[in-house]
Each structure stands twice: as structure tokens, then as C-alpha cells.
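Here is the structure we will look at.
All chains are identified by letter, namely A, B, C, D and E, in their written order; residue positions are counted from 1 within each chain.
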Amino acid sequence: GCGSSPNSDKTSGQNENGSSDKIIRMGYQKGNTINILKESGILEEKLKEKGYTVEWKEFVHGNAVVEGLVTKNIDFGHAADGAGIYAQAGNKPLVYVGADLPNPEGVGVLVHKDSGLTSIKDLKGKKIGVLQGGNHHYLAVLALEEAGISAEDVEWVYLNDAAQGRTAFETNKIDVLASYDPFLAGTEIDLETINLTEGKDYGYPNRTFYYTNEEFNQEHPELVELILAATDESDKWANENKPEVVKLVSKMLGIDEAIIAKAIERREYGVNKINEEIIAAQQKQADVYYELGLIPAKIDVAEYMPIN
Amino acid sequence: MGVPSLAERSTHQKKAVQILLQQIDKSFGDKTVLKNLNLEIESGEFVVIVGKSGSGKSTLLRLVAGLEEPTSGQITFNDQSIKDSKLSATMMYQDSRLLPWKTVINNVGLGLKGDWKEKAEKTLDLVGLYSFKDQWPSTLSGGQQQRVALARALVHKPSLLLLDEPLSALDALTRMDMQNLIEKLWLNQGFTALLVTHDVREAVKLADRIILIEDGDITLNIKNTVKRPRDFSDVMLAQMEKKILEKIMES
Amino acid sequence: MNKKMVLKIIPWIIPIGTILIWQLIASNEWISTRLVPAPFTVLTSFYQLVMSGELFYHMEMSLTRALIGLLIGGGIGFILGIANGLSKFSYLFTDTSLQMIRNIPNLALMPLVIIWFGIDEGAKIFLVAIGVMFPIYINTLHGIKNIDAGFIEMGKMYGLKGWALFKEILLPGALPSIFVGLRYALGIMWITLIVAETIATSRGVGYLAMTAQQFMQSDIILITIILYAVFGKVADLIAQWGERKALRWHKSYIK
Amino acid sequence: MNKKMVLKIIPWIIPIGTILIWQLIASNEWISTRLVPAPFTVLTSFYQLVMSGELFYHMEMSLTRALIGLLIGGGIGFILGIANGLSKFSYLFTDTSLQMIRNIPNLALMPLVIIWFGIDEGAKIFLVAIGVMFPIYINTLHGIKNIDAGFIEMGKMYGLKGWALFKEILLPGALPSIFVGLRYALGIMWITLIVAETIATSRGVGYLAMTAQQFMQSDIILITIILYAVFGKVADLIAQWGERKALRWHKSYIK
Amino acid sequence: MGVPSLAERSTHQKKAVQILLQQIDKSFGDKTVLKNLNLEIESGEFVVIVGKSGSGKSTLLRLVAGLEEPTSGQITFNDQSIKDSKLSATMMYQDSRLLPWKTVINNVGLGLKGDWKEKAEKTLDLVGLYSFKDQWPSTLSGGQQQRVALARALVHKPSLLLLDEPLSALDALTRMDMQNLIEKLWLNQGFTALLVTHDVREAVKLADRIILIEDGDITLNIKNTVKRPRDFSDVMLAQMEKKILEKIMES
């Protein structure tokens, strides 16, 4: 029952500042598709005729974006797949409104070339560094499972951010680093490594999602459509101008162009509507998270993923 | 210079205050310090309290100052309770209690209003420390600090001046000077004075009446009618000193 | 008796009042309970955490880390405070550097800490130690510097020097100030621990808090907030008790 | 003259020595320069940050937040410290609650702060304010409680009460201790800001530090570390200068 | 009881110390406190220093104690420099300097070894405060505190006892008692004593020699050969007191 629209002071206040002033608050993380959208100026242009202006809010990570949505501090945002699962498990109201195209090569499980480890089977009992609950964590679990190793048969080292993982990996404090782009690409380029999951996706599409808060989705479905369309448009442009995007993202993140190029080359930008296939993949992920104990209860992701 | 008699002064000085202590008891926890003490101090009188260390002299002064409540008994000023009578009393302590964060002149001016600076300067001059007025108290010697404290007490022209061994840190000469100064000011301003001292000589020099406290009670209460200004060489004073010392020794 | 009771009750008016108002807000859904769960929900989760032994499991680890970090960092801060309070050279030599390090946020230090101390216990204890070091250092320094010079002079006159002078005069004279530092350090200790316990661990109250935040479990977040508050109060009570023991002579404690 | 020079140099031996050793390590690649860049690399990045105006852009914002937070939090802490130092009731009523709140880590408070204050400036300033409040509170309280009772008695005797008593005796008497609190608060201020500046912002030194950390820009991380150290030192110098002005009378300052 | 003469004591007391101050200058910044001061103190002698407040008496004592360095000039003990001669000197101050965190008995025992407790108890008994031994100093009256400080100075059986107005806070009776006590202990233990006081009477009662300091120099240096035990009523003492007071007044 997420249809009821709460009538608290907070909400009406938000309405005054938000919708009635015709401001749309967009949450983004550095270097992701909404950031590219912001740089392109496409959204502002499209909204101008409708009398809306855009307020851009930068967040340091996806969970913060989701938190901003849940507390109705922003209307629309973009974050990873895990963030949506946690929000739902935490009974936080949220709506999935779209997904990026799959990017299975954007995650991987790395070992040092001179480590003697050559396949996933070798990882039994090893120290694997991950950000707990991240897409690469999920991938590593799937990979281990396929190799017949249970998640309990390795030593998970939960790290705080990608940089920590990289530092721990480089100084051999951990044996294995599961990572995601552009940090995956960065590690691959800077160090002599083997990506043990290269070329396999274990049925995991690694999509990221577009989320809105409940109210915004209910009151302004047309704006949601419009934002997704604008994003798709800027994505199309990005696909056609990858060298330019590389420059742009490299500058935004302060990461070498070579690394960003590698990350961007292996993905395709574009927005999908939510469909059954996407829901199924997300449901499987949620179930594994439950089994891993990352979320306290089973959830039905379809509740948060309306198809229209 | 003609010195006005006590009676004369009492009439032309409305400011001074008459004090009555009735059946005062004072204990700290289990320790009884004052026991059923009765004392009457006339308006404008100069009363000196002597007694051994720990006999309760400071406690008595603090009771009169209203800084402590008696355990039982009653203290009145001009027949009013301490709180009702808005008397202006000032006190000097064994330690100077100069505020270290104020210069000498600002210490003396503490609590004054209006032309405080002139008043403070004038009083500092009286105690011979005018030239130190802009120094920090911590740069003065102990004796100098105590003189500043005296200036601070006198600048208020109090109707009751309470003095808790204020001169014990002063040197012999300054001490005599200060005794004379206190006496002079007391004669001119006509406040009631209550002085605690260890120096029996000082007591007989200054007092209209000398009170000895022993075991929490008054064991000696002598009038001193020797004409002022008094001289240490006066035989009557010497006799009085001897009498008091003998009484103290006796116990 | 009656008055004593009242004195015992007064400090708890605000905390208990807050909980009551919170329950009121939650019951009336003035704020969505999905954002801030009701006290009762929190209580239920708390009960489960306790019963499953999970809470104790995390607390045990955190307490161990906190204590070791406090001992090491507090010890170093204390020694530096003494040294810099006594030796002008030592003060000149180290104080500027210490004041500089003091201002570096733990979070920013993280990469260096991992390089130096790895990702195991060493790193966590180091962070706690460096966090508690400064309040102890500053207050010990302040305490030593503010001892009446007359006492030290007197002590030397009576043949005290070195350890004896320290034990008889410097330490007790600085103690009131050191206790202020200690009470402050105990607060810092818990705050640092939450950061420290984000490094490669799966045990500790900080880990509990961080994962709760990551996984948006607002009941667990609130439990950890309350846990920290209680930890803080308990640590403070212990410090106060120690203070009362050690400062029996102090004017605030003589009855 | 010569001795004065030496005294000026001594405090910088450790900081400069550290930089030299670090350059040595980097030049010899004892640790990967990707993890810890060489001082020279850092210097170059720093130069670019300054020249592009980016650094100033971030610093301006952080300074504004820091200052407003300090004023609000410091003000409240000061007032509470005074109130609780003077009124036993106020102390009983609020101290326990304050000690409890004090121990809640900023990080754990984050979700609640966002609910209460949103994600804009209010939230960031609130975090800074609550961070600096406690050192000021505790040290003001300590300062007030430790004023020689004789001074207060004397002041009352001379007709001081209320504001006058406060201004002439309580405040100056507590000032040395309050300055200790202030210096401590200035440290906390920066540390809190790094956490506060992770909330939905794209401006501020904390933001710079957090993104640098996330995207492994180790040169920027080091620049922010150094910035914090310098901020800390500068804040400390200002506080010391104020201290010297305000405490001219104090035995440590009379020459 | 036969009182040994100074000469006798000097021979059977090897412990006492002879002090020589030669051309001592002492300044604080621009302020000259002592100027070209010369003084010889015999081994076992009791020298009393008097002078106005701020005249530099405490400074002189601190120089002798080695707590301050003279700006120029030389101080020797038994012809050795201060540092070489390992004399055991103790000092009593204007303020008691009792450590507030130690009980009375522990304050007295400060710096003692071995059977410190018995010694401390015995000495506390001498100053009449045995029954206060387990109290905190802050619970004593000012006078009581000062008596504890005296016990602390005496318990060390010093070869040089420096006393900086130690009795100014004591009451008349205790003061006389203490004067007698100090004299008795000095006679028995034979240490050299250097006492600063504001009380000229006290000076003439205790001193072998009285020294007046004015403007940073010694302006009066009188031997006092009156037989001990001395009585205040002694005419010679009274004359001496008068002479010193007149000299002080004169300037």
C-alpha cells in the first residue's frame, strides 16, 4: 500500500517549494548519466516550455541519492540496483521508473597476475575485498556459486569505498578485489591483473536504475517520461561522441582519460523502460541478498517497479 | 584637630548601623563553631574581635555580612533583618581577593558607578599606591595587594566595614599608617567597624570595644575609652593589652 | 529522601520526554514511520538483537577496540602533555606538529592508515588512539601549565624531584584538568570507532551502524544511536566516579 | 636574535622533516606513488587548484559554513555552560541529556538530520554546530565551576549581581578554560565539516576531500589533509592571539 | 635549663651553615630590587630581616634559597657556591603552600623517607595540630594551615631555615607560642635561621641580629645580645624596637 499520499506539514512544504514553484530537483552522482544530462543542457531546454526549472543536487554515493528521494528532498535520481533493494527492504517508499542498458563488463573480480590464482575455483578461503552489497559483490557471489564455492567458503573483507579496496589490494592486504567501473578499469590498467570473470555475465545484466519519489511519480508521470526521454537523448549523443564523453567524465572525476575510455568503451548508454525481464533479474538479486543476509526479509521488487 | 565623641558622631551620622546578635548558634556539620552568642554593637562603634585561630572569628564576621546563615538565633541591623535592611557593608579578607584580570584601578572601582575613576584614584592615593594603578595585581607584592584591597573596601563609603585580619600581611610601618588611616576614615565617615585581628596591640589601638571569642562564645568584652588619637606608649592601652593577653593565656 | 528522589528524576525528564513525544508523533503518523520508526518498533528490534546475541557480539568487539585504543592513545597524549608541560623544548618541538595532526579528519587519513596498518585491528585501534590522544594531550598540558608555581618551588625545596615531584605535585595538580580531557576523550572514542569500524570488518557497533545506514534499516540506526548515547553516559559515569575518587580533596567534592 | 631564530625554527623540524622523508620514499618508489604521490606532484596539483580558482571556490563555502556553525553551536554551548555552571537545577535538568547527545557520532545522526533539516545548508550547519557545541559547553561549565568562590562572594559583597557579576567575575574567571574549549572546538569544526559536506553538495573542502577519496585522487586527498592541517593551525593561531589579548592578566602572559 | 651560648653552639653544631652575600644586585627587567648588598651570616646565627613592603625582603630570601639567581654578585655557604654545598634548607612562605590533595599528615611528611609518619606526627603535635592530621588542608582555618606549613618546614631538621613572614597569619597567642617554639628548636637543633617579618617586636624577640632593608640595601644592622629566653617587658628590647621603628619612620 504505497498509494496513500501523506498529508504531513513536511510534504505540503515540499510541495510549495517544489512543484508549485515549478522546480524539479534532480539528484546525481559524479560522472553518471544524469551528470552527462546536466552537462548537455537538454533537460533544461525541454522543461523550459513547460515552465519548469531544474535544481541539480550532487550526492557522493547512490544510497545518499536514494535517501534524498525517500526523504523527499529530491524528485528524481539515479543509483545502482542495490540501493533500490535496500530501500524496499527498509520499507522506504520509492519508485523504479527506468533502467540503464546492461553493462555486464563494468564489474569484475581481479587477482594479481603473479598471485598464482587463475580461476574462480582457486578463490576458496581467499580474502575478497568488496563494498558490501555492491554490484560487484553480487557478481562475485554468482561466480563463486557457479564454481561450486559457497559464499561462506571465502573471507569477505568489507571495504568502505573503491579507493580503500584499491589500496588494500595493491598493498596485498587482500588477495582478490571485486570492483566496478571506472575503478575496475583503473585497476586493470594500473596493475598487472587478471579479471577472472571476464567474458561471463552469470546472467547478471548489471543495470543501474532511475528512481523517483512516490509523489512525484504519481503527480507528474508526464515529467518522469520527459526526463527519461531527455536522458535517453543525451545517452544517444554520448554513444555517438564517446571521445568527447571520455574527456568530459575524465575531467569530472579527475581520473585518467585512458581509464575512463576503457570503462566507457565497454558500455552502451541508453534508457530502458521497466519490463518483466528487468524485474526478474532484480528479483533474483533481491533473493540472493536475502540469502546472504544483506536484507532482513524477502521482498517483492515488482511492488516498487510499476510497468506502464 | 578636634575629634568628635562617639555620642556626637552617632547623632550626625545617620549612615552607620547598629547590630544586634541574639543567641547565635553556628555549626558546620557536626562541628559547633559558635554557641549561644549574644552581642550588641552600637551604631558607629569600632568593635575589635580577638581570639585564637579556629575560634570562629571569621565565621562570626561572615554571619554579620550575611554570607552565612546562623544555625539558630537572629541578627538584626537597626532592628531590621539582614535582608530588609539595605545596608551597604563591605568586607576585607585575609587574602586580598583582587581580581587578577583587572588592573589595580579597576579592582578598586569594582561595583562603583558614575565617576568611579576619580573616586578610585583618590582612594588608591590614600593607601599610597596611586602610581601602581595600571598594573596587574599579580605584579604587586603581598602587602601591596592587601593595600589595594583596603582601598577597594573604603571607596564605597560603607555604613558597615567588616575587616577580617586585613593588616596581617602589611609591614610594620604601613600597618601603623593603615591603622591611622582606618581610624581617620572611620572618624570622618562614621561607619560601624568590625575588625578581626590577631594583634592585641592593634586591637587596643583601634577599638571602642574589644571582644574575645573562645570556645564559640564571648569570654571578654571590654570597653576602651582611651581618647583618640591613641599612642602605643599610653599606659592604659598597655595595661589593657596585658589584661587581654593574660586572659587568652589562661585558657 | 523525597528531595533526593526528585534530584534523581530531573536529569531524565528530557530523555524520557523525548521518547514520549516521539511515540506520540509516530502513533499519529505526523512523520511517516517508514522514515522514523516508532519507539515500540525500535524496542522490538532491540529485543531481537539482544536475544539473538548479535548485539553482545558486536558490543564486545567495539568495547575491546575502544579500550585498547583509549589506553594507547590516552597514554601517549598523557605523556606528551606532561612532557610539553614541563619542557619548553619538547613543547616547541612537538606542539605545532601535534596541533596540525589534530585537525586532520579521520576519514581523510584512511588511505594512509590502510597503507601503514593494513585493514586489520591495528588500523582501527590506531584511529581510536589518535582520536582520544588530543583531548588528553591538551588537557594534561593545560593542567600541568596551570599548576601554581609556588607548589613546584616548595616541592623542590623539600627535595622532591623527578618522579617524586611528578607524583606528589604535578600529577595531582593537573588531575582535575586531565579528567576533563578524559571525559572528552571518552566521547571522541565512540565517535572515532564508528569511522574505524567501517574498515574491513564484520563485527562491531560501528559496523552495525554503517550497514544499517547503507541498507536503510532505520530501526537499527536508531538502536545504534541510542547505544552510543548509553555508551557515552556509562563512560561518563565511570569517569565521574573516578574523578570523585581521585579528587576527594577538591573543593567541589568536600562535603 | 640568534636564539630567537632557533626558537622559531624548532617547531617546524618535524613537519619539514616529514615532507623530506616522504619525498625520499616517493622518489625511490618504496611505496607506489599512485597510493601516496610525491610532494612535488602534490605541489603541482595544488598550484593548479589555486590557479583555476577552484580551491578558493571550495574554501569560501567551507569557511562560511564553519563560521556560521561555530557561531550557532559555540553560542549555544557557551550559554548552556554558563547556565549549568550557575544553576544546579539547569545542570541537573540538561547535563545528562547533553552528555548523551554528545556521544552520538555525526555519521549516525545523518539520516535524522536529513529528515529534520533536509539536504541543504541547514543540515550542514547543524552538524557543525552540534560538533562545536560540546567542547565549548564542557569547558565553559568547567571554567565557571572552578572560579574561586571567594571572588564571587567578594563581588556580591560589592553589589555585583546578574549581568555585572557575570561580566566582571564569572566570564573573565572562566575565560582561560573557555579558550581551551574554543581551540578544541575549532579542531572539531573542520572534522565535522568533512562529514557535513558529504550531504548533497558540490562545493566545499569536505566535498573536495570526499570525491577525491572516492575517485582515488591521492594528490587531492593529500592536499585536503594539508589544508585541514593548515586550517587547524590558522584557527589555532587566531584563537591563541585572542587568548593572549583576552588573558593579558594571566600569569602565563605577563612578561 | 642552661641555654648554650652562640659560640658553644657553633662548635657542637656542625650542621649549621655560614652564609656570605657579596655585592648582590638583583633586578627584574628594568626594576632594581637589590643594589650592591653585602651580608655575612654566621653559622647558627638567627638573623631577622625587616623592611617595608616591596623593599625586597622576599627576594633576598629567594636568592639565599637558590630559587633566584642574583643579577650580579656572589652567594656562598661555608665558602662554597650554592650548588656545591648540599645544604638542607627549608622555607616557609607567607602563603602556606599546603598541597590541597594531601591530608595534613601527608603534607608534613612531604619529601621525608623512612619513618616519616612518626616524625610528621611528632612535629604536628609540636604545633598543636595532631588531631587534625587526617583532614584536608582546605578544611582548616588560615592560621591552622600556616601551622601545618611550619611543621612541614621543621620536620626536616634543616641546617638553614628560611622564614618569609611565616607567622603573620597566626593569632597572638599561637604566635607567641610559635616564636618560643622556633627559638627552642633553633637552640636545640642549631640551624642557621633567616626570618623575614613585619613585626619589629617579633624581630627583637628572636634575632641575634636585625637587618633593615630600604631601597634595595641594608640601612641598619644591629646585634641583639639580650640573653635568652627573652621577655617582651625587657627594657633593652623595648629600646631596640623603638630605635628600629624610628629608623623606619624617618625615611
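Quick notes
Throughout what follows, a contact is a pair of C-beta atoms (placed from the backbone, for glycine too) under 8 Å apart; a residue touches a chain by one contact, two chains touch by 3 or more.
In UniProt terms, the chains line up like this: B, E = Sulfonate transport system ATP-binding protein; C, D = Sulfonate transport system permease protein.
Treat the numbers as computed from the prediction; the structure is a model and nothing was measured.
Identification of common neighbours of subunit A and subunit C yields D. Taking A-D and B-D together, the pair of chains sharing more C-beta contacts is A-D. With each centre defined as the average position of its C-alpha atoms, the distance from subunit B to subunit E rounds to 30 Å.
Centres computed as Cα averages put subunit A at a distance of 85 Å from subunit E. With each centre defined as the average position of its C-alpha atoms, the distance from subunit B to subunit C rounds to 51 Å.
Residue positions of subunit B with contacts to 2 or more other chains are absent.
Of all residues in subunit D, those that touch two or more other chains are 35, 111, 115, 210, 213, 251. Among the residues of subunit A, those in touch with two or more other chains are 67, 71, 163, 167, 171. According to the touch criterion at the top of this document, the contacting chain pairs are A-C, A-D, B-D, B-E, C-D, C-E. For subunit D in complex with subunit B, the residues that touch the partner chain are 148, 150-151, 153-155, 157-160, 164, 168-169, 172-173, 175, 247-251, 254. The touching residues of subunit A, counted against subunit C in their complex, run 6, 8-10, 63, 66-67, 70-71, 86-87, 89-93, 129, 132-133, 156-160, 163-164, 167-168, 171, 173-174, 294-296. Touching subunit D in their complex are the following residues of subunit A: 27, 30, 56-61, 64, 67-68, 71, 73-74, 161-163, 166-167, 170-171, 183, 186, 190, 253-255. Those residues of subunit C lying in contact with subunit A across their complex are 29-32, 34-35, 110-111, 114-115, 118-119, 198-202, 207, 211, 213-218. Touching subunit B in their complex are the following residues of subunit E: 50-55, 58, 94, 140-144, 147, 165, 168-175, 198-200, 245, 248-249.
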